[in-house]
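Listed after this line are the structures, all set down as structure tokens.
Look at the two complexes coming up: chain A is in both, with chain B in one and chain C in the other.
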Partner chain A sequence: MDDTKVIASLDTFYSACMDLRKHNYDRCIESCTIILSKNPYDQAAWALKMRALTEQLSIDDIEAEEEGIADSYFNSDAIAENARVGTSLRTAQDTSNQRPRTVGGRPLSGIVRPSTSSAGGNNLQLALKTPRTVGSSRPLTSQTARNIRLGTASMVSQIDGPFINISRLNFPKYASDKQLSKLLFNYIYYQQNDIRNALDFAVEATKFCNFKDPWWKVQLGKCYVMLGLLRDGEAQFRSALQHGPNIEVFLRLSRLFIRLDQPLSSLDICQKAMSWFPHEVTLLIEIARIFEGLNNIPMSVKYYRDILELDATDMESIACIGLHHFYSDQPEVALRYYRRLLQMGLYNAELFNNLGLCSFYAQQFDVVTACFENALRLALDDNAADVWYNISHVAIGFGDLDIAEHSLHLTLSLNSSHGAALNNLAVLQWRKNNVSQAESLLNSAIAAEDHLYEPHYNRALLAQEEGDHQTSYAMVKKSLSIYPNHYNSKDILNELKKYFSSL
Partner chain B sequence: MLVGVAVVIKNEVYFYRNCKPYHKYSIQSTIIRDTEECKLWQESEDVFDLLKRLQVLSSTIGFVNLSTTSQQMLCLNECHLIEYFEKYRKNNLHTITCVTELKRNKSEVYGVSCLVIATTDMISILDTESFKILPDKYECVSLWNVKLPGDPMSMVNMYVQSMSLEMTVVSCNVINTDGHSKGLVLMYCGSTVIHKIPMPDPVTCIIFGRFGQEENALIMITTNGKVDIKLLKRTATFDLCVRPTLTAHVQGNLSIPKRSNVFIEQTLREREHCNEIHVRTQQTWQILQMVVSNERLNSIKQKITSQFLHTSAQLLGLGPRFKIRFLLKNLGKDPLMGINVAFLYNAQYHSIESPRCRIPIIVPETEIYCETFVTCCTYGGSYERAIDIVVSRGMNVIYRAKVNMPVYNIQTNNHNEELNDIMSW
Partner chain C sequence: MDNGLVSYKITEPMMQVFNVQEKSDWIIYNRYIQRDLELCKLLIDQDLRNTKDNNEFAFYILGLIYREEGKIKNSYWCFDRYYALNPLCVEGVKQIARSCLLLGRNDEARKMYLEAEKMSREPDTKVYYNLGLCYLNLGELDKSKEYFHRTIQLSRNQDAYEKLASIFAIENNFKNATSILISASKLFPFSTNISVDLGLLYMKQRDYDQAFNVLGNTLCQDPENPKALLTLAAEMQRNFGYDEALAKYTKAVTDLSECSETWNNIGMCFFGKHKYVAAISCLKRAIYLHPFNWIALYNLGLVHIYTRQYVSAFVFLSTSAKLNPNHAGTFMLIGLALNHMNDTRNAEKAYRKSIELNSDNPEALINLTILEINQGKIKEAEKNFHAFQEACLLCGSIDKEIIELGKQVSDAINGQPQSFDEHEDEKLESDEPCYAEVE
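What follows is the complex of A and B.
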């Protein structure tokens, strides 16, 4: 018999169920709509449609946390303004001055994930002033961040009105229904992204099951966290853990402490979780990330290595270890890690860019340009700037200063506030004796990204050569405040001190 | 309770009370069992004679039972023997090197103290009431070892109450490269050096405490009889971060990573195929040169980059109303006159207060900016929301820039409802 005939003869509800299983959400929703138009009180179809709509949009929301500007600066949970060294992600001591920084001033990580790109500073002014593009700006609140990532359905207009009108829903009635309540909650939380109603609903539901269901406690905690009531969230998660250990809850609790800027408590939670689930990769990743955030790179790399022993295909670990090798002067080892990523099927501008840089520093010159050509081909607007910047580096290495200058101009055309590019362009102009241009470019570099010490140092050197000792002193001071052990800056400072004392 | 002063000369301890001699205690009689050894040192005229006799003695009573001086003598290299012999023959074998007091009961501040006597060989504790050596039941545990930059001369404990910081001050005799001995005072916190004071002469004696009005004073006596008084500044800060003690040999240990296998393979490849690598590199680089030049040419044609103008845009505010600040800088030598800046936008997504701005002159090397307010209306893709900025002089476009607008909260639905909710909270 013809297959299509069999399918056509299937019960609509059954085929809808199959469609859901096959992640064929649109068809599932369609079938459910047909059933519901015939019988609006068909609860099974209603639940199925709800599930399909939810799953269409649901993501792993443990990872998708990005702290918005408002969350980090207007929170009332800030306990200590000046946290002790090593206890806060914001004041994490910078031990790795070789690693370049992101626009926000954080040392670069091997992988871009939520919150690695965001600023670590405490300064609201800075956060608001940092050149904000889609690529670099932080969202205003974590809710916004979610919206961008998900594009929640609430923004997509529905032709025949909303599927469920939440404001007219009888919460106690549905919350008491054990079959439906969880589905409905997920629908409100993920699909509608209506956290306040989701919270109300969860409160009703947990009341109904006599506060005995850990699932509802976790959901309550999730809602509290989304609303910024972190301490209430913590209480819910802890209470959920009393019913038994659960990786998800441990992870959520750890994330919550990171939002409270208490990485040590977060590590504590992870260690506790590890005693229950000793080989759990997600927990190890969490620990490795926290160590990286604390700038404890050796520990972070140790955990990433542990992860690779358990799961040899974890891209984040490979990338992070590769990066570590690159910045500890072993580009040939880093090259191996990145090649592994390429073999695993990753194919993007960043990877080719890294491969090009690694082979350049490992003196494999014949493949460098091929890598960068690939990177340029794959690059989008926001990462093309960095690719051009790296090409300029290679050009300087090859001694081709004209090409270097062109590449730097191209970098700036894509990202006009690329501090490092401005700085390097200034140095190139300086070599060509264009001192005034070099000076103004350096000033722009400082204005664009004032967490780099190089422009400050160069400005100091330039000022000293010109005999402007006062500016030189001010600049060298700034350079040393960013990188206290910079030898050349200290040199200038000593010379200036000698000069000033001889006056 | 009686206050006394104990003074040590060679191997005798003199006790004074009320500035009168009270008791003399000689350690020789009780501690030194091996008078034979002393005799050897005094009687022998020659180094080698002494060496022979000492070897005989060590085989009879055991090497361990010899004094440290003799032990070192036996272990010494031949070329240093005579020097060593001359240095120590006049000295008594068992001199007291340092003494200190030790409270018999730690909690009693004004309680009776014992005297801890250290000779070249051993540490013993003397009871100051009965003048007898206490049975040696004490045990010591070494907490850490520090390598000093030179021979230690004296040490003192330094407790700064205002900082609640306890330090150990050690003075060392450092031999310079030119052969002169100099003093160096090191302050240890735990096993880390937190401060160093170089002194012109070796410091033989240090004391820390109150000096007149000053709480924290360090008084030092140097070998040539100078008294040096150092006061601790009230604002002093010590560098307390933990780092390995690099006092003696400051050798910059560069962290050079191990040579990996891959590295060796690669160098082999370079050696064997150097020609091919070079040719290929040159070829591909020439191609990339063309790509770069082309791109640059295009960008100049499209006025995205300019040699004479550097711009950057800042976006201030939290939204939906932002302030765009567009900074212009003239990189050329001549002033730019009659510049117009226009903001091009899609009216569906934004509204801009004054979308154009005239800048009469841009003087070289100074930065000027123009500002305008932009209000976002609806949600859209990033390309649709971007605002183009065009800089023109007369009819000529000289520069173009694009500002990507950040995402902000627009609650298009139930916006008012939410506002009411916030009010009622």
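What follows is the complex of A and C.
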């Protein structure tokens, strides 16, 4: 009781400051509003309210990017249309055929983060063809989901008109004020999400400090990147770096080059940054991710290991290394990494699912069921499908094909466009000689996810057995376009060519 | 190819009046022969427009081009037009039939070919060969054989030889299949396909030396032939030449890194060299690539018994048994695993099941005998031991260890029934099946 009395007796402005520190943004804003209603020209209160409003919504926007479909289609930034293999994220080499792929066609990563789901889309057609179901979440436009949230939030939070009417703001006046200008910029940029005005404001402000302040250069660069003027952004970031090295700027520059689809320059930048900050984890993570994007898994894992030496609790690294071990036939080692994640307090369906799979392949049969039970208990609709799919694999591993079939049916009931499940179900039906059912299942697998080569190959094989050479030919062509070195597909193709060329 | 032209002239001797449109035929023909297919298609398109779809030769060539591009339906349509323009020509009927065959409409194809057979004045080997194919696809093997025989009598058709041999192989008539392939290999000494098939046939008949010779010759001609490499390697492996076999497999694996059988064989090579961890990881990869590969599962179970991980062994073996319940060896190993886990009741059941599947199976019999001796059922043991002795006589090659074990057991039964504990820890040598066939 006493505390509240003491607080009530405090100066309102002081209590507002305290509230801001305690991340009690709503109350801080309320107090500032009271002060401002008494004295509308109280700059301190005004600035404080601005800060509270901004911090309410500010996010770490370095990682928030995700390229939209429209963005990637109208993207004229990428330098080469058909880049050489290994120099672009789009033409990343296919070295790891053992790893399954995401809907977009990228090899699976150990962790879900922005841009893991997207394919570095080669074309709009492909992007539009990938089904828009629970499994895929690629935004249609360039405005990312988080940015959109920011925009709408600014409309909700103010009941009686906007707090600051930006269009009526006198930019040169405020930009010249060194105390206020940065706060105001952040407000415009994050809270109002009005990039164009923010840019104008930043231009004014940087003029007033005679182009000496690197902070303003970074902000200018951020605005340019948001507006899609990547080269201008690059110039700003580079000039900011001339004032001295800065991790944030290096990271932003590296991100920018990834958007330009120049992962090698991005790696260069990170390496340069590493010479300044040799033990910086965020830089190492960035490098590891780029290597993963380039399908250079061994290098990626090497960097993830380096990260773990510096920061033993980095979940992303642990998950990625675990995944790598799992797909290189070392489930026992992977199991150790995933158990570490469990010890660290991660408690979700995906983890239990991975634990279950690892222990199954490492022959720890006693825990498999428990793990999958936990996974199912924790799973939501979208990942429950994958859990059931994995259960079907375990069932096949135990030779219980009935359970396998049931779990595949459950997968499909949760996610009707699960291509791999459809394919496997088709194979099971095929084994039972239900050829027509297998055929229709394979067709729907192809319709659902056409980045998998297996359904195409299986369909080709089925058609070949039935003697329908035309379908077989078309399917084998598709299978080879997805996975050019598939020996069995080539075999079929050669046979078909022989058929077609003889009279 | 030029059949189209020739038959046209033969069937319509009266109409050999060269009008203007036929002047372009030779250009199209030339382009087609020179494999300039895109230009050829343009020319045909132009020609068909000029002649208002009345040029049958253009349709014929267009059909062939479409077929090479894999557009069988379009090609069917072209040949149909060709036939409509020139209904007396056998070639049209043959090509339509061929299109039907490629589209999988075997019955229709058969009817068309029979018609073509009636139309042609002299026997046509192509028609016979394709009729053979139709009947093969329709499952009428006897008729199919008859037509292939006719083809062979009239011409040297390599495919017909191969198909005939494969039909004989389907019917388990290996003798005829080999003789066909031998005569084929004399006719086509440079065909690797035939010699590989022959080698595999010898393998199936367990005539390993012959197989070795034939496949060695194949490899001389085509050192990278994966089928020959794998089969030869499997043969070396059977003769305990594990290092040579591994060398061959590594050569083949660049092509077939996704072939489950190869990994199975590699795994068993390591097993033969007593490198169990490598063996297990290879076999696991084999199963990862093909989860229904019961042989790999069986082998994995075997390796696990050797490494004394009986629960894992039991899991893999039972999976293998679920996928293929007709393999006696699997049940024998299951019995062994269960015996080691002290579940004698079920072990006995497994042994009995194994013997039921293959009554002259010395390994299962001796294990059952030992189990019964240990349980004190001497009478039944004696009965089984007799069966074991008979099975030993029937089987050609038996492991020394088993004979040794047999002697110990016979001592135990005849002499001192107290001393049977000492040979409780019996080990099983079992043939690891190596399947070299590429799917």
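Everything that follows uses one rule, which is that the second predicted complex is superposed on the first by the 460 of 503 C-alpha atoms of A that agree within 3 Å, B and C clash if a C-alpha of one lies under 4 Å from a C-alpha of the other, contacts with A are read in each partner's own complex, and residues count from 1 in each chain.
The rule is short, and it goes like this: a residue touches a chain if its C-beta (ideal position, glycine included) is under 8 Å from a C-beta of that chain, and two chains touch if they have at least 3 such contacts.
Please read all numbers here as calculations on a predicted model, not as lab measurements.
Student: Would you sort A:L376 into first (chain B), second (chain C), both or neither based on which partner it touches?
Tutor: In the superposition, A:L376 contacts chain B only.
Student: Go through the superposed model and pick first if A:A448 touches only chain B, second if only chain C, both, or neither.
Tutor: Only chain B; A:A448 stays clear of chain C.
Student: With both complexes overlaid on chain A, does A:F365 touch chain B (first), chain C (second), both or neither?
Tutor: After superposing on A, A:F365 lies in contact with both chain B and chain C.
Student: For A:N390, using the defined touch cut-off, is the partner it touches chain B, chain C, both, or neither? Pick first, second, both or neither.
Tutor: In the superposed model, A:N390 contacts neither chain B nor chain C.
Student: Once chain A of both complexes is superposed, is A:S413 in touch with chain B (first), chain C (second), both, or neither?
Tutor: Touch partner of A:S413: chain B, not chain C.
Student: Name the chain, either chain B or chain C, that contacts more residues of chain A.
Tutor: Counting contacted residues of chain A, the larger count belongs to B.
Student: In the overlay, answer first, second, both or neither for which of chain B and chain C A:F500 touches.
Tutor: second
Student: Tell me which partner A:D400 touches in the superposition: chain B (first), chain C (second), both or neither.
Tutor: In the superposition, A:D400 touches chain B and chain C alike.
Student: Touching A:E332, do we find chain B (first), chain C (second), both, or neither?
Tutor: Only chain B; A:E332 stays clear of chain C.
Student: Which partner does A:Y473 contact after superposing on A: first (chain B), second (chain C), both, neither?
Tutor: Only chain C; A:Y473 stays clear of chain B.
Student: Check chain A for residues that touch chain B in one structure and chain C in the other, and list them.
Tutor: Correct list for chain A: 329, 363, 365, 398, 400.
Student: Going by the contact rule at the top, pick out the chain A residues touching chain C in the complex.
Tutor: The contact residues of chain A facing chain C are 97, 329, 361, 363, 365, 393, 396-401, 431, 463, 466-470, 473-474, 477, 486-488, 496-497, 499-503.
Student: Which residues of chain B touch chain A once you look at their complex with the stated criterion?
Tutor: Those in contact with chain A are residues 255-257, 260, 262-263, 266, 270, 276-278, 280-281, 284-285, 287-289, 291-293, 295-296, 299, 304-305, 307, 310-319, 327, 329, 331, 333, 364-365, 367, 379, 382, 401, 403-409, 412-413, 421.
Student: Touching chain B in the complex: which residues of chain A?
Tutor: The touching residues are 69-70, 128-129, 131-135, 137, 139-141, 143-144, 147-148, 154-155, 196, 328-330, 332-333, 335-336, 362-366, 368-370, 372-373, 376, 391, 395, 398, 400, 403, 406-407, 409-410, 412-413, 416-417, 422, 436-437, 439-441, 443-444, 447-448.
Student: What residues of chain C sit close enough to touch chain A in their complex?
Tutor: 1, 3, 67-68, 70-73, 94-95, 98, 101-104, 106, 126, 137, 159, 255-259, 281, 284-285, 287-288, 291-292, 297, 309, 311-312, 315, 318-323, 439
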